[in-house]
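Labels run A, B, C and D following the written order; every chain starts at residue 1.
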Amino acid sequence: MLLESLRREVLEANLELVRRGLVLYTFGNASGVDRDKGLVVIKPSGVPYEKLKAEDLVVTDLSGKIVEGKFRPSSDLPTHVELYRNFSGIGGVTHTHSEFATAWAQAGRPIPCLGTTHADYFHGPVPVTSDLTSQEVAADYEKNTGVAICRTFEKLDPADIPGVLVRGHGPFCWGETATIAAHNSVILEALARMAYYTAGLVHELKPLSSSLHDKHYSRKHGSAAYYGQPPDKT
Amino acid sequence: MLLESLRREVLEANLELVRRGLVLYTFGNASGVDRDKGLVVIKPSGVPYEKLKAEDLVVTDLSGKIVEGKFRPSSDLPTHVELYRNFSGIGGVTHTHSEFATAWAQAGRPIPCLGTTHADYFHGPVPVTSDLTSQEVAADYEKNTGVAICRTFEKLDPADIPGVLVRGHGPFCWGETATIAAHNSVILEALARMAYYTAGLVHELKPLSSSLHDKHYSRKHGSAAYYGQPPDKT
Amino acid sequence: MLLESLRREVLEANLELVRRGLVLYTFGNASGVDRDKGLVVIKPSGVPYEKLKAEDLVVTDLSGKIVEGKFRPSSDLPTHVELYRNFSGIGGVTHTHSEFATAWAQAGRPIPCLGTTHADYFHGPVPVTSDLTSQEVAADYEKNTGVAICRTFEKLDPADIPGVLVRGHGPFCWGETATIAAHNSVILEALARMAYYTAGLVHELKPLSSSLHDKHYSRKHGSAAYYGQPPDKT
Amino acid sequence: MLLESLRREVLEANLELVRRGLVLYTFGNASGVDRDKGLVVIKPSGVPYEKLKAEDLVVTDLSGKIVEGKFRPSSDLPTHVELYRNFSGIGGVTHTHSEFATAWAQAGRPIPCLGTTHADYFHGPVPVTSDLTSQEVAADYEKNTGVAICRTFEKLDPADIPGVLVRGHGPFCWGETATIAAHNSVILEALARMAYYTAGLVHELKPLSSSLHDKHYSRKHGSAAYYGQPPDKT
């Protein structure tokens, strides 16, 4: 079987979405990519999580063609591969309909950075895609969802903003690995929930100052990071 | 004992409502119908779920007359049989007071389709019944609840919209089987919750475009569906 | 040891408040009364629920004097005995700071009957007490809390409305037994939560029609009740 | 190993934050101080709670210098020691991003005392710090967070108000011990949640009367306290 280690990591990333309450029934999906081999491992479509095994995951190439797997891949596969082709630094993608992030997506509002929890993970607001055109919906819909995400990131760096709200749909997240992508999905839901409650307490949302935003982001990311343990301790 | 397999399925559908947090104490009820025999299996009234066994369920005919069972049927039985008599394609009915769907029902507002989660399951807004008249409340109240639901569906197809909000009361859902009806109750609560949060983030709720609504519904329903696994794989 | 059976029931009623998420740490208290003996069994003050045993409960008379018990009774005891002295039909009292009922109490708003869940249990809005005067707070505060509740029920029947919101404090519930009082606390919190969400969806809250309110209440209470099983079946 | 007993208490305080749902992943931290030895025990930075052992905690002096420990201390250590140096009566500090307290912090609003639950623990509103200046963010940020908290308490007594909202960040709590500090974090989140829901039910928040506020606070604190059991019973 191909990519046994990546299969196990992607399985765990999928199960993390379940454990954290981000998915209902068979909703949601996580994938990972092996850049050297140019292969993607993704959850099969509509298989219950309780029964999901590493061997049930589907391996495709970066055009979405199945290379190994007895099941159909997630119907969102074309979105995942579009992201892998355009965001060269990412190694994993996750998609959920987690409830607060989806509420912001349904409202068509980006999530402003209102506090340091957000600043720790997203170096700017969580953006929202524009609507797909009717033509983009009619043909290659799932691929065009990925196209719309990439359009949103034309002037943004996906390494700094590891997720997006697809308008009227829900969040996609990513990261260097499938594990980190799942982690970012969990964080995004928590941010979205706290931002929702904050919005209930003020007339106008005021973003965090850029100095504090930069400070928190750089405490955890980049060469001057000092949060957590040094690499050889973890 | 009659209908052992249907009894087991209806028991499981009732327990699914409990597991998913849709019911409190003895609230809620699920039923299933055997169309060939013209018999309905339904939860008994006021029996704790923890003690509920398949043999405790009550079998009635389609007029609501008890055929087998040592307990009284759910007091909502007349609503269930009214739905079975009028919606010929359905095989199961569920009723809960799940909190967000009930809030929309209490507000007397249909739930607009605000996102693809909704579009995956309901091909249009979740409608609200009109108020019953005092006469309809005074006599045959539970049957008249079913009549009010059917009135709401005069121009709607219950196969496309597998649930309704009874004004000032709560949701009823249905499906080809009791299992699917229970599934639809869970989905409806999730939709209702996300729609509630969306309503907190915008001044005016804007429904999803019809092209995207149709796309998502048809990905999962009908001959061109491509979500999940082909029938022989599940 | 006095009243072993009542002690066990009151212990269970206290634990039900914990199981249903209505209390935090040592918050909350349930009591029961033996009308023949004129004795009350109540939770001790500030003892962790995990360690609570039937023998730790405190027995007092209806003036609040301790008759048996190694611990101090709940500091809310004077409120409980005031209710027992004035509401002759009740056999149990529960008090929590459950979050949504407390929010309505803090807002100083009665909970209108917005749906049939409410109508099933409360034959009218859940009332709010008026503020205590500074004098009532300064001396015999806990007794005066009971006095304020009784004042609120001068024109209401505690058998029809089994609970109240103490303004700026939280809910007290009661019932024929401690078990029923605890049940009513759980229901009140659910009602309060659904009413809160309903209030977020409409500009003005419109109560349920009185015919539907009466119908639901009488389905479950009084001689014509037909919900649940007949007494010999339960 | 230094301070074994304090290490165990601080470990438990950290785990209490997890059990009560106040922290996500490695967020949050609790510490305790030994005033005689002038030593602080604090959670290490970024170590998963599931693996955390008493021996993993870090011991520092009151300037924040590491005295014993194989891991880096929490990055918030300088805030903790700033509090220990300025609030001489406290023995423990906790910090979380618990969701409702953080929402108030992100909104920049103090939490008014709206009910007796609040009055039982905080003798006044829960205050919010002012924004740090860009200079305070740029250098010694975590220490300056502590400085901002102390500034907020220039005219407040930390024994009466055992917590604060750091603007745009989240809550810090404290108490005579790490156990009490963790308890106060749990209470603060409950207060914040109930205050949020109360704010959704009224146009203008009206604080509890000062007589009732004082009464509840003094029932539980000071020489005339009568809540709970006398010291020799607990």
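Keep this in mind: contacts are C-beta pairs under 8 Å (C-beta built on N, C-alpha and C of every residue); 3 or more make two chains touch, one makes a residue touch a chain.
Bear in mind the structure is a predicted one, so any value in this text is a computation, not a measurement.
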item: Steps needed, at fewest, to go from chain B to chain D via touching chains; value: 2
item: Rotation angle superposing chain B onto its copy chain C by C-alpha atoms, nearest 5 degrees; value: 90
item: Interface sides of chain A and chain D: same vs different residues, half threshold; value: different
item: Centre distance in Å when chain C and chain D are each reduced to the mean of their C-alpha atoms; value: 33
item: Gap in Å, rounded to a whole number, between the CA centres of chain C and chain A; value: 46
item: Residues of chain D whose C-beta touches two or more other chains; value: 200
item: Topology of the chain contact graph, where touching chains are joined (line, ring, star, complete, other); value: ring
item: Chain-to-chain touches, reported pairwise for every pair that qualifies; value: A-B, A-D, B-C, C-D
item: Interfacial residue positions of chain D with respect to chain A in the complex; value: 24-27, 44-47, 70-72, 75, 97, 99-100, 102-109, 131-132, 134, 137-138, 141, 168-170, 196, 199-200
item: Contacting residues of chain A [partner chain D, same complex]; value: 114-117, 183, 186-187, 190, 193-195, 197-198, 200-202, 206, 208-209, 211-212, 215, 219, 226-230, 233-234
